[in-house]
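A short write-up of the structure that comes next.
Note that the chains take the letters A, B, C and D in the order they are written out, and that residue 1 is the start of every chain.
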Amino acid sequence: MSEITYLEAIREALFEEMERDANVFCLGEDIGAYGGAFKVTEGLMAKYGEERVIDTPISEAAIIGAAAGAAHMGMRPVCEMQFIDFISTGYDMLTNYVATARYRAMLPCPMVVRGPSGGYVRGGPFHSQNPEAAFLHTPGLKIVYPATASDAKGLLKSAIRDDDCVLYFEHKYLYRRIKEEMPSGDHLTPIGKARIAREGRDVSIITYASTVWKALEAAEQVEKEDGLSVEVVDLRTLLPMDDDAITATVKKTNRVLIVHEDTRTGGVAGEITARITENAFEWLDAPILRVTAADVPLPYSPPLEDYVLPQTSDIVLALRKLAAY
Amino acid sequence: MARSGAAASSPASVTGDGARSDATSLTREQKLELYYFMRLTRSLEERLVNLYRQTKVVGGLFRSLGQEADAVGSAYALDRSKGDMLSPLIRNLGSMLVQGAKPNEIIKQYMAKGDSPTRGRELNIHYGDLERGFIGQISHLGDMVPVMAGVTLSFKMRRQNRVGLVYVGDGATSTGAFHEGINFAAVQRCPLVVIVENNGYAYSTPLRKQTAAKQLVDKAIGYGIAGEQADGNDVIATYEVTKRAVDRARSGGGVTLIELITYRRKGHAEHDNQSYVPAGEIDRWAKENDPIDRYAARLNDEGVGAPELAAIDARVQSEIDEATDEAEASPMPDPTDALVGLYADPPAVAPLWFRQGIKSAVEVHERPASWGTHDV
Amino acid sequence: MSEITYLEAIREALFEEMERDANVFCLGEDIGAYGGAFKVTEGLMAKYGEERVIDTPISEAAIIGAAAGAAHMGMRPVCEMQFIDFISTGYDMLTNYVATARYRAMLPCPMVVRGPSGGYVRGGPFHSQNPEAAFLHTPGLKIVYPATASDAKGLLKSAIRDDDCVLYFEHKYLYRRIKEEMPSGDHLTPIGKARIAREGRDVSIITYASTVWKALEAAEQVEKEDGLSVEVVDLRTLLPMDDDAITATVKKTNRVLIVHEDTRTGGVAGEITARITENAFEWLDAPILRVTAADVPLPYSPPLEDYVLPQTSDIVLALRKLAAY
Amino acid sequence: MARSGAAASSPASVTGDGARSDATSLTREQKLELYYFMRLTRSLEERLVNLYRQTKVVGGLFRSLGQEADAVGSAYALDRSKGDMLSPLIRNLGSMLVQGAKPNEIIKQYMAKGDSPTRGRELNIHYGDLERGFIGQISHLGDMVPVMAGVTLSFKMRRQNRVGLVYVGDGATSTGAFHEGINFAAVQRCPLVVIVENNGYAYSTPLRKQTAAKQLVDKAIGYGIAGEQADGNDVIATYEVTKRAVDRARSGGGVTLIELITYRRKGHAEHDNQSYVPAGEIDRWAKENDPIDRYAARLNDEGVGAPELAAIDARVQSEIDEATDEAEASPMPDPTDALVGLYADPPAVAPLWFRQGIKSAVEVHERPASWGTHDV
């Protein structure tokens, strides 16, 4: 088998799941004949028709709400947000209606909301967002954010089969930049399980999505230059969080760096830190550090975007500080 | 009568032939059933008022006094044997009863009982049952419109012969969710009926502060859908206008927006003293345009005698008594049930570390002073 | 001067600020003749007229967006959400438009969004929310959440005078339950400064809003029963967070309990924990613990609500655990 | 012509007398100014295309080719001397130029320069200036409608004699924000003009998948506001219909919804190959209904000679050349400027601990392969 990109892996998952289950359908803006703003759904309408690949009006609340209604009736809708930044207009629908449906009214709500997320692409403040932290706080949702092509495929397939609503964030910087051979067969990545992206002994980096790659780069650099052995944990699922994997890496290295692309205050790193101090405080030999974006809307000009987003050199600096602690 | 004659104004954009209160194909039996449901709605709410005054209701109490025809007549136009579905709002107790909700469920909900349909999680009539064909609303107004667009989209995709009905208040028409949902359904030609219950107020806000439109049915043309307006206090007119829309939806004609003109005779909730209502307005509606009085008179004209209606009233009372007894005897929920059923998997959330092994958080439940002062 | 309730303190702030500055106006659902669902704005329309006390259609996005537009032009709008739970439908407007206005377009946006928040009142999942964590993650906003009547007044007056958008959460359980004499004169509580609600030596509780009172109750109990001296820090402002006050209390007691009414995962406690491990790791003698609501939508039946929300007894248990560590 | 004649259809709900392309009170000088702005819009975008192909533009490039009349004619109806304000969208470069935006600002924005109006924070024409009376849009469609409702509400509250204008695309009419904002403004009778630019597509989505309405102007009646429709490719008709609405707003007549019929001849952004457009459609609009060609012909009929127009074209070219030179010579922003100006107080955010004393994050700016493949 040949390698495919992260984007192609997402597309492959959609094709396979639509083929497998007639209840799966897609809806979103420009996903049909046009194949979506990033061409993720290219070819889908040609194969499955306008009824199962629906071009919607520009109305994210309606897309999400309608998906919920269809999901109650046994369908398995997959919503595309043209850019994940527009999920904000469906925030009420997701957090109040969808997330509570099963709990308050025994209404099953198996659906996926996916869309291109993240920065490093000069997209500016409204085409670069990472909304995971805004939803981490909502019991009833699940959140996944793959960093590799095989996880992109495996997590989307699992998300579509999950009996609850899964927010599936896909990083647009990774779309065409990474390639991988897909595992054979019906490849499913379990929701709720982190992945050790690199084994190490001295310091742990806990991260997800685009910064997994920056973490790996930094790990390699400090191994070469400082002889440090860095473990990189790719969370993959943010909600529910894989406490076992987090605790295990802390107990192994006793030094933790949390890295995410999103802004700092109120970001996911805070929650991870709280869990570590609760579950493994005595194993910590150093403060838990965070490398994140600065707390501003993401500006678009290259020097500004580069300054605001976390870079490999920042991670290197933090690793050295932790190792020296 | 202040506004009940609106159906006659027949605006350019309204299709159909307006109120036809006299022409109906309903059988005598069905007509009596309509009466039963209206009476059941009113009497059940009156019982809830008693329970509320006895502080047995947890939270606010919401009335649909004067709107029973609107709720009952519209829901009655659905075909339960075909699996039609509806999404009720807070004034649609009557619609839910038509669709199969039981008085004891309603009372248990209001009393926050453990064997209530939501097991004490959600308040008042916020619950649903997919089997019987109604969907539990959330408080956020307008949100049920996209949801019902999706429910009816699934009917269409699966070539099912089913229809959906969603209610919104005059106030809820201002929400973005209403707009997005009805537009989505219109484009997809979903088999959906949208009923705007224009009862003159949204909480304290009169219609003219909610919209500058002359009438809410005028919104239909902007969505490219059929629009009709009817007298919501005439149960037969309400039934007929809804039935036409249901038939249209079932035969592939897409969405209809129906504006039902009615009036909210009670406050937004039981605590609201309606100080904002012009003097005499409520009385006028009560005297001149009570939907049950009007309907009883009509039935009388059609030869249904007072004893027959009284028998229905009595049956309603005994059903409510029975339901009250059952609800009062019901247990409150088990505290740790709060952790169950958020996700399909895992089936329950683990208790937090400080509650491991603890079965209830407090021994005695304080009754905060603000109970009953908040709305849905 | 006589004592007034938390609710009356909010009302007093509105009257004083409308009197002081003709640019201040209020908008929201049923706030005019009716005086608001909780009567916070009672009397305001009678005094300032329909133009400065606007009853709006049911449209939170429009309320917030219109406030932003008016604020650009120099007005100082105060928006009421009838229940703060409905702020979710203005989430896009707040996080994307309002929060970024100054940064991306040099548009001043001095406005306040306020509303009844919080539980313990059998309000169920949609009338009991605490939305602070959902906005903590948005640079450009400020967030305050008073626990006392004098702070309710002082923070609202400061919020109205602030040149940026302030989310002002008011706890409905406290509305009529607490009373206080107001400081005389033009009473302003500074935004960004925490308050020591109780001095102590052995353990610190960091908290805000309703749980300040539960923390104080618990502190008293463990002082009596266990001889423990507990410090209670009332954050008052959540964004920007008062790092100095947090660090100071940690350095003083070396043991920290964070308490909030909101759900646990993704709640504000995570961010506080992260800041403490960054700024004062070496001063910690015990893990940072959290007492919070359980991660479910808030159910309405009394036994369920009581079980889900944090109670005084939970705080007592946590304090003892920390003291014994 | 496919749809340009729509103005003639004169639906029941449309007030006013439709397109009156011939009757105008504009002076000869003003008419030439309209030509100047249309030409400036087109030529400036052509220059941006060149810069884009030279990879000097950061991000996507958005064209308004074929829509210049719609943008210019409508904005021209505002009175800058009275402080009228507008909120442009991505196809409203022409409107911004009329309102005082400068070509060098536009080019600097697209090149992400440090002395661009947003100092490199926001992309393309997303910027504003309260002094000159335009407000920087955000990407989220529909959101500017509530904002302009508030801007114009402040005009009303302060008894100012000012008017506001907000643009939305056909696609943006589906958003909840559009609905909430226009309804709010309608109830408040804000001095606001809402222009719906119906250019046939929202990205790849044709109008019929966006709405089931026969025409977008049909939405006006549902908000109880005036509605007019005009030929957006006729700059004089566009000016006139907008002028009527501006006058109505200024004299207390409240909100008008204007549907301008036009056509988007380029893709959503420069990367879009328009594969979804029926064959021949674009050519037909280009040949038969180019707004500049039409207007030049009209001016010619009215006695403006070709040399006079050529002189304007030449002036436009030299202005653009000058602007390009200035923009190209401009510096990129200083990296740490990213921390400035989020709040009034504090004036700057502190750098994160790992960046203390560090002036730039990376030495060389990589140009990701996806540049230019994403939209606004």
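List of remarks:
Assume a contact is a pair of C-beta atoms (placed from the backbone, for glycine too) under 8 Å apart; a residue touches a chain by one contact, two chains touch by 3 or more.
Bear in mind that the values here come from a model prediction, so they are computed numbers and not experimental data.
Each of C-D and B-C has its own count of C-beta contacts, and the greater count is at B-C. With centres computed as the average of Cα coordinates, no chain lies farther from chain C than D.
Averaged Cα coordinates give chain A a centre that lies 40 Å from the centre of chain B. Averaged Cα coordinates give chain B a centre that lies 35 Å from the centre of chain C.
A straight line joining the Cα centres of chain B and chain D is 44 Å long. Among the residues of chain B, those in touch with two or more other chains are 121-122, 126, 138-140, 174-177, 179-180, 183-184, 187, 209-211, 342, 349. Taken residue by residue, chain A touches two or more other chains at 56-57, 59, 61-62, 85, 88-89, 92, 96, 100, 103-104, 125-126, 139-140, 278, 295-297, 299, whereas all remaining positions touch fewer. On the side of chain A, the complex with chain C involves touching residues 85, 88-89, 91-92, 95-96, 99-100, 103-104, 125-126, 133-140, 239, 241, 262-263, 265-274, 277-278, 281-282, 284, 286-290, 295-297, 299.
By the touch criterion stated above, chain B contacts chain D in their complex at residues 12-13, 174-180, 183-184, 186-187, 189, 208-214, 218-225, 254. Note for the complex: chain D touches chain C at residues 118, 121-122, 126-128, 130, 135-136, 138-140, 143, 145-155, 157, 176-177, 179-181, 183-184, 187-188, 341-345, 349, 353.
Here chain B touches chain C in the complex through residues 58-59, 112-114, 119-123, 126, 138-142, 171-172, 174-177, 202-205, 209-211, 275-276, 332-339, 342, 349, 351-352, 354-355, 360-362, 365, 368-371, 373-376, going by the rule given at the top. Residues 25, 51-52, 54, 56-57, 59, 61-75, 77, 92-93, 96-97, 100, 102-108, 139-140, 142, 162-164, 278 of chain A are the ones touching chain B in the complex.
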